[in-house]
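What follows is subunit A paired twice: with subunit B in the first complex and subunit C in the second.
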Partner chain A sequence: MTETQAPSALLPLPYRPRRLPWEQAGIYALGVVVALLIGGVAITLVGGDVRSAYATVLRVSLGSVVGVGQTLNKVTPLLLATLAVVLSFSGGFFNIGVDGQIYLGAIFATGAAFAFGALGLPRVVLIPAVLLAGIAGGALYAFIPAVLRAVFAVNEIFVTVMLNFVALFLTEYLATGPWNDPLAGEAITRPIPGGATLPMLIPRAGTHAGILIALGAVVVVAWLLARTVLGYQIRAVGDNPRAARIGGVPITVITLFALTASGALAGLAGAVEVSGFHYRLILGLTPGYGIMAILIAVLARQHPVGAAVAAFFFAVLLVGSDSLQRSVGLPASAVFVFQAVIVLTVLLAEALRKR
Partner chain B sequence: MTLLFDPQLFRLTLVVMVPFLIAALGELLTERAGVLNVAIEGIMVVGAVTGFLVTFSAHSYGWGLLAAMGAGAVIAAVLAYFCVTLRASQLTVGLGLFVFCVGLGSLLYRIVIGVRLMAPQIRTLPPLPLPGLSSLPGVGPILFTQNALVYLALLLTAAVSLFVFRTSWGLRLRAVGENPRAADVLGIGVFASRYVFTILGGALIGLAGGYLPLGITGTYSDGMVGGRGWIALMLVIFGRWTPSLVLLGALLFAYIEALQFKVALVAKAVPPQFLLMLPYVFAILVLIKVYQGAAAPEAIMRPYDREERA
Partner chain C sequence: MRGIVKRFGDVVALDGVDLALQRGEIHALLGENGAGKTTLMNVLSGLYRADAGTITVEGEPVEVRAPRDALRRGIGMVHQHFELVPQFTVLENVILGREGAVWLRRNRARAAVQQLAAQYGITLDLDARVRTLSVGVQQKVEVLKALYRGVRVLILDEPTTMLTPQEVDALFSTVSWFTSQGLTVVFITHKIREALRISSRITVMRRGRVVTTCSRATVTEQQLVQLMIGEMSPAVPARDGRLRGDQPVLVVRDLAVTDDRGSRAVSGCSFEVFPGELVGLAGVAGNGQKELGEALIGVRAASAGSIVLDGRDVGRTSVRRRLVQGLAVIPEDRLREGILPGMSLTETLVLGPHHFMFPRGRYDARRAEAACREAIAQFQIVAPDAKVPSAHLSGGNIQKALAARAFLLSSVAGSKLLLAMHPTRGLDVRATEFLHGRLRDFVRAGGAVLLISEDLDELMTLSDRLLVLYRGTAAATFERAKFDPYQIGAAMTGVGTAGSA
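Coming up: the complex of A and B.
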């Protein structure tokens, strides 16, 4: 867990194109099939009918305009969270605290919406202000593990995990305490002013403009990692920190930047969820987007464009499992099992093939 | 001030120390063999749910705890296969298994218990006063009127310490974690050792998870492990891979957790969420100290490959 670790063991997967795309596709398909089989067993065990359950999953997630619209709404936070993970993983930093940074982004965004909304600012000013506040919230929160790692060599995994719990309790405090909506009787805050809400992209399907922000972020992160000196330095540190240091890469600066920027992306996800989807801060704003993002980043081999594809697929699973929660009563976090099974199967198949 | 030295607080400290201590000892054995088990939090979740479900169905603490250990061992065996045999990245596989276990916990609970208005409950482990010792003034009620797992955890600490530092098996274990090539040359089974200690460690981590519903809450709920696994992972570093220092760290964190319960009863003006944050904030502060001069087993996270050039 120290800096002297072999980087090959630290980095989950290299940022490199694969040789045989069809073979890789076969491995992914295998992962999906195994997950579907295990999902079928789980659905049967809770007393549901597998065939109709899977038909429902497809119908609600992809079978209608509204379904696709809702799936796109889930892609947005998943994709932003995945980019956050991709950016930090590329530098060899394990940001497990994306969920906490999403909450801080959501808290800052909600606070900004309340504060600036009260001033009666126009929408064109208010929305960017809310999003920027979210970015700042996530970035500041990730700055804590960044400084601890850069200055005290404290492993960021522990710090980010601990901060997840702190963020959760802070959200609960705000949502039940000072910002609580007395009419709701739940851990949710008052709604943000209408001027602070993201416009609709497909009004008929309820899809907000967040997906455009997320796709824009894909382009920015892909460009940053592949085409800039900064991105090159991040990947150099991730590949081999010692070589990077000897080669003159300012490790401290890169550490601070990679983790803080990762938090900024997570914070943006939180702001988009508040401004585009929930219109308020709620406890349970992230059902573990940060955790799923780790899996997606592994599947996508830390490639931003691959991440977009994998995030879409995970969003289908998420919307589908939401519907299974209502129809057959699968618990909400059961989706973790299916998502993890896909990743573990892919890792298994890849490791076996390498032997 | 009387609050900080309350005998009840010390008693509670030992009760909540058990999961930290047993999980950290399991992780210590695993890491001493050169494997990092980052699925620890997830294995505790699976241990908690199996421990609860089996105790609830079979009306037996013994079977519940054994089932928790078995479940932990199975997950750890999967990790070992990936990391020892297939030489996959221990962090990636560990995190994947962590997520898997978190989902599996609530899925298993839902499959066995179903949807109920009232969460089913079991009675928590009864205190087991040690004859003679429990009537000692002062320490008697604190140290010797505890549930069986508190004694077991303390005995286990001594046993692991003796094993690692005072037996030839322990020396071999350390060799495997420090320099697997040298160990292999000496005829020590590197792969077998890594399997054995990863699985044994997983069983202990599962046991620590199983203790949560059996020893503390009496119920199972999602998120009940609450980062204790991650803290246990940290305690191994805090304790410099040494059981006695791990015990010290477990006591420290248990004290903070117990204190937070006590303060919540007294300081009603403070929002409870801020008290609940305490152990996590404390952990971050401790981390700064923990990482100064920590030296992990040399070969940790490095898969051993016989055919690799030295």
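Coming up: the complex of A and C.
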């Protein structure tokens, strides 16, 4: 078995120098300010008013109960996807296939909802069954790159990226073929039975209970990484696989676990999206949550609690940016530029600060 | 350099240091681990930026913000840990970064490099891949690389730590030749004898300050010891007589191991280690020590033969199984296979012991940190606290931490055999003596130590028995009573078949 480079060797995080909290906070603030400035230039270029545009973003995403509710709904998949990335990065594995695993989780969850819903199971049984099916779907899908990496030393980046396409086409097939909703006329499946849907947390705002699941996952992942020997071994493998091996850490087991568990979290995200938000499997279920999750994980320095904060911030941007399209005419995808600028600025500031 | 100050967080690494170098001199920078020698030179070579102080080159104040600026002034450094691309050839490594704008003018570069090598008396096979080269040869590549970049002030950071005596001799004569060509050499070391042997002037550093700068002619070894550590060092611990048990704790039979290139590094290697003895494994670098060690640890598969540890064949088992069976390890390459650079010192320290410290699967941070604080105190590791990122420690302190880890493992796992690979590399006098004492204590308590080292003095001081590894086999054995450096040296280089049981 060969050891490839840990992410810390590729991303600018090798030493993770200890910084004072206010110093780190300053770096984040700087990232946001630079992104706001560059975003402002973009808004001005398309003829919009900068101040009202930013005010719109905040008002839409945070200014009302419904806005906050929708933002929380966006936090849920983003946060679960980020935790998936955090877990795999901690072990030194690049899971670029979170989006594919979200789809597989969604497919399994939808299938389970159809199958068990037909049996007329009660809601208290049906919902856990749907969520567990999603977890299993994501985990099984991630098990493929995990085995290839652990046993055959095949780079997981290529495998996970390619499996994203497979998942996408599988979803398209199901949504337009066997599970297609004939009434809809687009690539979506029939709705799942009402008993398989997540309850509402804030009915007035349309916020479903998924956010609780995501926050629970934060606790679990944080606990796993910091307080268990398994988590310690994952981080050790991620930091220096050779040293970990000499320290008697079973690399194969750790590889299998870290990647599979990462997929399980992604699959859970897919199941929550189906059961809590869309109530069906749709093409475009994830608008690149897995990729955004990589940015968030880097920004949060792979810390689960930090990830929750950063995911919330990104969700605000996502929800708010939809409104920019309407009010300023800035394409909604401009939000990705904004997100990327923040991450790049923070990384740059950290790198310069290190000297 | 005047009034140089460098802080890392709340640690003051350099506290107003003055240093003047004269053209054509060999200037030794002498001090213990963490005295600030390397940090000072990292400031000079642009790797760190000083928080205060000025640097003047040939009467002209210069601002060194990056290694590039230093190189422009002809200042270059060869680090303790080499910065070579292992897959590249020697030539490619030497010209890396100066290949020219677009085209790799290999032939023109080759001629230039060859001429340079000839001028400075360096012999190298320019087409060899760097990963196939021994440490001593890799060092020559680093030196040549610096010269190719037009370096006039060459800084060598602990250049002799990984070299055999012969390689040290070769290095010293090369360096002496450099000065005759007008180069200035800064020689960072913690070995007083080396400083006295090679340098024209010596600057002694202690705790981030310069104690004194003096000419070699005016100081004695004893004075330097005092200047360096501020007190006299204790004598080498007294050795005791026969302790050896009857049943071997380690039996290696006909072991064969292949190296990364697929050729036999170890073959037909057989030996035994008994409880209560310290067995030294001597050999010129590249005679299979590394591969033998890796096979014993279990990170490199043996292609034939058996390894019996405490009565059980562990030759095909996992590393963890061997730790349970009684193996403790101080690994060879502290950075690549020792520490967890991005994790805390505590987390580096419990890597291995963690199998035994947390039996119920819960990582108990409090227990781990307590163990770490104890190790810091016992081994005098210079670290602000147990949570410092491991990579922030200096080389010598990392080495101390890895030794502390092996002893921690032996205390929680009841290890019976300690495999110590180059355990005192980069340690200063005091730390070396302390570690030697700990190794002897371990043996006195009935443990066995297999010590792999390239330092023959160390091996002869410590070992009860000495094995010589030559071309992958245990070619000769010497009992302590019959230690003779000349005969051992002959066995190491394959001259004759000297040796007796």
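Everything below uses one rule, namely that the second predicted complex is superposed on the first by the 329 of 355 C-alpha atoms of A that agree within 3 Å, B and C clash if a C-alpha of one lies under 4 Å from a C-alpha of the other, contacts with A are read in each partner's own complex, and residues count from 1 in each chain.
The definition used in the following text is that a contact is a pair of C-beta atoms (placed from the backbone, for glycine too) under 8 Å apart; a residue touches a chain by one contact, two chains touch by 3 or more.
Since the model is a prediction, treat every value here as computed from it, not as a measurement.
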{"item": "Which partner, subunit B or subunit C, touches more subunit A residues", "value": "B"}
{"item": "Partner chain in contact with A:I282 - subunit B first, subunit C second, else both or neither", "value": "neither"}
{"item": "Which superposed partner A:G247 touches (first subunit B, second subunit C, both, neither)", "value": "second"}
{"item": "Which of subunit B and subunit C A:A308 touches, first, second, both or neither", "value": "neither"}
{"item": "First, second, both or neither for A:I294, with subunit B first and subunit C second", "value": "first"}
{"item": "Which of subunit B and subunit C A:M162 touches, first, second, both or neither", "value": "first"}
{"item": "Footprint overlap on subunit A, where subunit B in one structure and subunit C in the other make contact", "value": "8, 13, 355"}
{"item": "Touch list for subunit A against partner subunit C, complex", "value": "8, 13-18, 226-233, 235-236, 239-240, 242-250, 355"}
{"item": "Residue ranges of subunit C in contact with subunit A within the complex", "value": "9, 48-49, 297, 299, 318-320, 322-323, 329, 331, 336-343, 347-348, 351-352, 354-355, 358, 361-363, 365, 387-389, 391-392"}
{"item": "Contacting residues of subunit A [partner subunit B, same complex]", "value": "1-2, 5-6, 8-13, 42, 45-46, 94, 96, 144, 148, 152-155, 157-159, 161-166, 169-170, 172-173, 176-177, 291-292, 294-295, 298, 329-341, 343-344, 347-348, 351-352, 355"}
{"item": "Parts of subunit B lying in touch with subunit A, wherever the complex brings them together", "value": "36, 38, 82, 86-93, 95-97, 99-100, 102-107, 109-111, 115, 222, 226-227, 230, 233-234, 237, 271, 273-274, 276-277, 280-281, 283-284, 287-288, 290-292, 294-296, 300-303"}
